[in-house]
C-alpha cells in the first residue's frame, strides 16, 4: 500500500483537540522506560503486561518481585514495586522464604529460561510441587540472552545459537525441556499457562493469564506459573521485524500457547504454607 | 570472658523456661534459636546437623514460625535468604559438605546486607578455612563463633542473632559432633543482648507504587533510575568498607589460662579445646610452663591476645582436628615473635563423623609434652 | 480532495525508539511508517504517524521501548488529503472507521 502521499501528522506533543489518554508511555508501576535491552526484545513487553496486571488487581502495595539473573535483571531498576534480587536459578527458593514469612504478600518471581530451566530447575519444580502460593513468571526466549545468545534447556531442536551454530540436534545436544507441561503434572500447581508477546493480541491474552495466576495466588490455592514466550532477535540471528514470525514458526509449535492447567475453581486445593 | 561468666549470663529470666533442663545439644540449640526470635528455619538432613532440623521442625511452627525441609542445602539457604529479606529472624545450617553447597548464596546474602544465622554442626575441624575465609566469591566476611560445649553454644547462637541484626551480615556458629549429641543441663531462656537497629529496610510490599519502592540486592541498594541499573564498583566499594568496620568493631574473644610464665602456649578451638585445657591444667600442676588460648570468635580472630602472649612465650603449639588451618591465623598474629608448631592432626574415626579416636587427654598431653621438651 | 478520519492519535517519544519496527507491523490500520532518511539521537529510524489512527493501543502494548502515548479523540479529527492515494489504500483506511 503506498502511503508516501499521505501527510505525516505531527505527534511529538499531546493533541490539542479534546482527547482521553488511554495508554501512557509507561504504566504506573514502571518508573521510567529507558533500559539497555536490545531493539525488538520481548522482555520489556512482558514486564509491562505483568506490571499492568499487578496495578489493575491493586496488588502493588503487597507485591515483592524476586528477580533471577539475565537480560531482565537490570530491568528491576525500572519497577515501582519492591524488588528482591536473587542468584541465578534461586528465585523460587527465596519466594518460598518470603511467602512463608509474609503469607498475605503477593510474591512473584521473574526468571529467564536459562535461569529457571537450566540453573534453577530443581528450585522451581520443588516450589511448585510443594504448592507454595507464589507466582513464577518465565520469560522464555530460548537462549541465554545476557551472555550473547547461548543454548538453554528450552532451546528447540533446529534452533541456531552461539553454541549450537548448526542448529540444536537431539543427537548432539539432547532434547529440550517443555517446562510448563512438566510443572502442570505437579500436584502443588494450581494454574499453569503459556503466553507470548510477539503480537499485540497475544500480549492481551497473556495479560489475562497473568491476572488469573495472580488471582490463584491471592486465593492461596497453591503454585501459579506463567511462561511468556519473548522475542530475542539478537540471539535468534534474525531481524527485529522477523522475530515475531520466528517465534510462531519455531518456538510456539514446541512451547504451545494456552492454559495448560487450571485448578482455580477447586477451592479445596491448597498449597504449602499458611 | 571466662567460662564461668558465660554460663551465668545464660540464666537471665525470660518468657520460656528459665531453669536449666537436661537436653541434647541439638535440641538446646534449636530452643535457644527460637528464644532468640528465630521464626524461619530451613535445612536438609545431614549428620550431625539433622537433629537441629528435627528440633526446629518440632518446635518452630508452634511459635508461629516456619520450618521448611528443603530439597537441598542450596535451596535451604535460598529460603532463609527470602525470609531474612522480610526482616524475619532466619537461620539455616548443615555440616561441611552441605555448607559447601551454600557458599554461593552466603556470599551474596552478605553483599545484600541481610542478617542470617548459619550453623555448621561440623565433622572434625576441617571446615575452618571454609568458615573464616569463606568458600564463596568476592570480598566478603562472616562473623564466626566457635562454642566449646552445649552451654556456650546456647549462648553464642543467641548472640549470633543479635550480631547478625546489628551488622546485617551472616553469622556462622561452628558446632560439632560432640555439641550436637552431648546431653547437658542448660537453660535455653532468651538472653537479652540489648537494643537492635530497626528493620525498616525489610521488604513487605508496602512501598510499592510510591515512587520509592525498596530494593534488596547483592549488586545495588537503590534503584538508580537510569538505563543501567547498578554500579558494581561503587556498591562493592561501599559494602567492602562496611565489612572492614565490622571486622574492626566486633569484639574478638578468647578464653585463656595459665599464660603467666608460660614458655609454650597451646591454641585450640571448639570441643577440642576442652581436652587441651585439661591437659594443660594437669601439666601446669606438674610444674610445666605451659598455658592455653581458646579463640571463641574465629572471625574476627583474637590477634591481640596471641600477640600479647607472644611477648613472653617461646613457642605456640596449635592443636586442631584437621591438617592445620587455624595455625595460619596464629602465625599471622604472632609473626616472627615466636615459633609456631602444629600438634593436631586429621582424626576421623571409622564412622567418618569426626569423633576423633585420638582426642583424649592423655594423647593430647603427650603431644604437648613432646613440644615442651623440644623447645626447652 | 479526500478526507481521512482519525478517532485517536499517538505521541511518539522519538529518541526512545530503537528502530525495531514492531509497532509498524502491529498497527491494524497501517498508520505508522518508519523514517527512511532521518534517525533519532541514538541513530535509529523511528515511527511517524499517518491519518487514520483509531487509538487501539496495539503500538504501545507491543513497543519494547515505551515510545508511544495513545489518545482517543472525543470527536474524530478530519485530515484533508490533497492528492488521493491509489484506490486500494483509501479503501482500507475508510473501511476501518
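For reference, chains read A, B and C in written order, and residue numbers begin at 1 within each chain.
Methods note: a contact is a pair of C-beta atoms (placed from the backbone, for glycine too) under 8 Å apart; a residue touches a chain by one contact, two chains touch by 3 or more.
Note that the structure is predicted; figures quoted are calculated from it, not measured.
Nearest to the common centre of all protein CA atoms is the CA centroid of chain A. Taking the CA centroid of chain C as reference, the farthest chain centroid is that of B. Centre to centre, using the average C-alpha position, chain A and chain C are separated by 28 Å.
Centre-to-centre separation between chain B and chain C, using Cα means, comes to 65 Å.
Averaging Cα coordinates per chain places chain A and chain B 41 Å apart. Along chain A, residues 34-35 each make contact with two or more other chains. The touching residues of chain A, counted against chain B in their complex, run 28-29, 31-32, 34-36, 55, 60-64, 66, 73-87, 90, 93-102, 105-106, 122-123, 126, 273.
Residues 1-3, 5-9, 11-15, 17-26, 30, 33-35, 37-45, 48-49, 197, 199-200, 203-204, 233, 240-241, 244 of chain A are the ones touching chain C in the complex. Listed in rising order, the residues of chain C touching chain A in the complex are 4, 6, 8-14, 16, 18-22, 24-26, 30, 33, 44, 48-51, 53, 55, 57-75, 77, 79, 81, 83-86, 88-89, 92. Of all residues in chain B, only 39-40, 42, 66, 68, 70-72, 74-76, 78-86, 88, 90, 104-105, 108, 112, 203-211, 213-220, 223-230 touch chain A in the complex they form.
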